[in-house]
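Labels for the chains are A, B, C and D, by order of writing; each one numbers its residues from 1.
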Amino acid sequence: MKALLTRDLMLAIRAGGGFGLGLSFFLIVTVLVPFGVGPQTELLSRIAPGVLWIGALLACLLSLDRIFALDWEDGSLDLLATAPLPMEGIVSVKALAHWITTGLPLVLAAPVLGVLLSLPIPAYQWVVISLAVGTPALSVIGTFGAALTVGIKRGGLLMSLLVLPLYVPTLIFGAEVARRGAEGLTVQAPLLLLAGISFGVIALLPFASAAVLRINLR
Amino acid sequence: MVLSVRDLAVTRGGLAILEGVSFDLSPGEALVLRGPNGVGKTTLLRSVAGLQPPETGTVTGAEDQIAYAAHSDGLKAMLSVTENLKFWASVFGLSDIEPALVAFDLTDLRNRMAGTLSAGQKRRLGLARLMVTGRPIWILDEPTVSLDVTSVALFADAVRMHLKGGGSALMATHIDLGLTEARVLDLTPFKAAPRTRQMDEAFL
Amino acid sequence: MSLWEYANPVKFIRTTDKVLPWVWALTGICLVTGLVWGFFFTPDDFRQGSTVKIIYIHVPSALMAINAWLMMLVASLIWIVRRHHVSALAARAAAPVGAVMTLIALATGAFWGQPMWGTWWAWDPRLTSFLILFLFYLGYMALWEAIENDDTAADLTSILCLVGSVFAILSRYAVNFWNQGLHQGATLSLDKEENISDVFWFPLLFCIAGFVLLFVALVFLRTQTEIRARRTRALLAREGQA
Amino acid sequence: MPELGKYAFAVLSSYGVTIVLLSVIVLVSFRRARKVRANLEEIENRARD
């Protein structure tokens, strides 16, 4: 399993698209917001936590179909299925690889982009923490969506339609942590709920994703 | 470990295409499945490899014994020859890839990117991948497609070495494999009589 | 004769053919009496004025929107466990009806809230969770259309339904957390005093019965259609194969 | 017609929307049922003779 992770990470780096894709999209979305909403800083700073979260979420969504598509096309998914690795393990490693190549960079880039949106000072740490806790869930849920639509040609749009409603709880609690952090309120409740969802999803969803992948490989 | 297949029926897209297929594959033996294109060679191999549940019949002796190589040999163009082999070796819990490199004469291509290899070299790398898995039973789907005569001979030697080492090989092809001593099983007689798809029986 | 007898598609069609006319008749009676009674013969509410009449469509449709998804969940479970085609096709048949019920609940909720809240859409937690439920319906229906092989489609959509239900419940509470909520208290709840007065109660019962019967009738009809469509594909496949 | 007062628009339009949506789903279901049934019968006859 570790080999699968290192291979996926190497592929992401070598193919170049891996890291850059999510980050550049996140940057573009964050830059577009002031154009759309107007440059008044007090307005921007109020919506900054939400915008950062939505940007990160969409960046995750964009790079989901690459998770299985490459292995599906060149047949290595079939070969992996005959390997001694449990399918749940393969799916979790794929989600982890997606998180490292896409989720993590978003967490690191968020404060930098926060400056663009004049994010209030106390909010910086909470945006980073909420994203750090929330993005793993986005990757695992996304992997489930990617597995569902791996066999469907041009399944990207369908995957977004399936995955976005599943993102709602994570988005609500994540953005809530960031927003409360910005206003200096206690963030304990939404943070715990966010963590609860993330851990629950990480623990349970791979079984569903594995089942779906087995069906698609049939 | 003897791989025995009893009365296997396989479907493609729900349609039954082969039925009543039975054969044994004991260590040190090679079996070539022949038959026109579309008779169901690939589907049968996938069922034996466990990728696809057969409609009826049993496959015994295949638990954790099988190394499967399909048309597309699952090589990552962006990884070098050694990286590809090292990956597949560790997936199967091994790490020694030297014998495979030697057997398939890939030693001088060691650090070349898989993407830059010729079709023949890629196929040889695919077969080397099989060797690296350490699994006794090789299942090969059209292994000698796009190989020139020398590569086919190289392939035949590698398979013979594998057989001498106590392994066995199940191959599907409609062209010459250069393996004169292999047993041949023609699949045409096992063609399934046209009957309703299993999933449709409830509706007819 | 156990319930699983009806899993046989041909028998399902035969029995539903016998039952359907009665169900349609009952639906008509309940709907007409409930709506006419509620619309013409109930007084205005002292606080909300005549908007209270919207209750006769908002509450039943909201109820059906949720129960439709529950029915699909149960049907998906039956498909996964017992592999009965009828239950998978019934789930597929129920999805559009559930989606329409959700749309009605959303529209009537917005119309009803407009005079009170002063805006057409006030992101009220319950209405928002219906909006999310509607997205789940869309995703579910889209997945059915996207996959050719019938059995794989049934498998994948059932798993989506299972996972979706968990997230729908999660969203339900997340939305509550996210906005303090403007929706009025539960219209139908077991403790008597919080309930609406009797004069509104009886017509509402008829409306609910009417909506439930309408749902059942539509699902029977649409499931029959799905079975026939499936039978057509099966015959064509056999013809193609011969 | 009951006196709907200033909320007439809200009440009437919500009833209107409901009736429209319900009739759409019912009509679509019936039309599709008829089309599929006809298609099936046509194939069954062809298969029989």
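Everything that follows uses one rule, which is that contacts are C-beta pairs under 8 Å (C-beta built on N, C-alpha and C of every residue); 3 or more make two chains touch, one makes a residue touch a chain.
Small disclaimer: the values here were computed from a predicted structure and weren't measured.
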item: Chain closest to the middle, measuring from C-alpha centroids that were averaged per chain; value: A
item: Centre distance in Å when chain A and chain D are each reduced to the mean of their C-alpha atoms; value: 41
item: CA centroid of chain A to CA centroid of chain C, Å; value: 32
item: Whole-Å gap between the CA centroids of chain A and chain B; value: 37
item: Cα-centroid distance, chain B relative to chain C, in whole angstrom; value: 50
item: Multi-partner residues of chain C (at least 2 other chains); value: 231, 235
item: Residues of chain A touching at least two other chains; value: 218
item: For chain B, residues that touch 2 or more chains besides their own; value: none
item: Pairs of chains in contact (touch as defined earlier), listed by label; value: A-B, A-C, B-C, C-D
item: Complex contact set, residues of chain C against chain A; value: 132, 135-136, 138-139, 142-143, 146-147, 152, 155-156, 159-160, 162-164, 167-168, 170-171, 174-175, 177-178
item: Contacting residues of chain A [partner chain C, same complex]; value: 144, 148-149, 151-152, 155, 158, 161-162, 164-166, 168-169, 172-173, 176, 189-190, 193, 197, 205, 208, 211-212, 215-216, 218
item: Of all residues in chain C, those that touch chain D in their complex; value: 35, 39-40, 44, 48-51, 53-54, 57-58, 61, 96-97, 100, 103-104, 107-108, 111-112, 114-115, 214, 218, 221-222, 224-225, 228-229, 231-232, 235-236, 239
item: Footprint of chain A on chain B - complex, ascending; value: 46, 49-53, 64, 66-76, 78-79, 83, 86-88, 90-93, 133
item: In the complex with chain C, residue positions of chain B that touch it; value: 13-15, 194-197, 199-200, 202-204
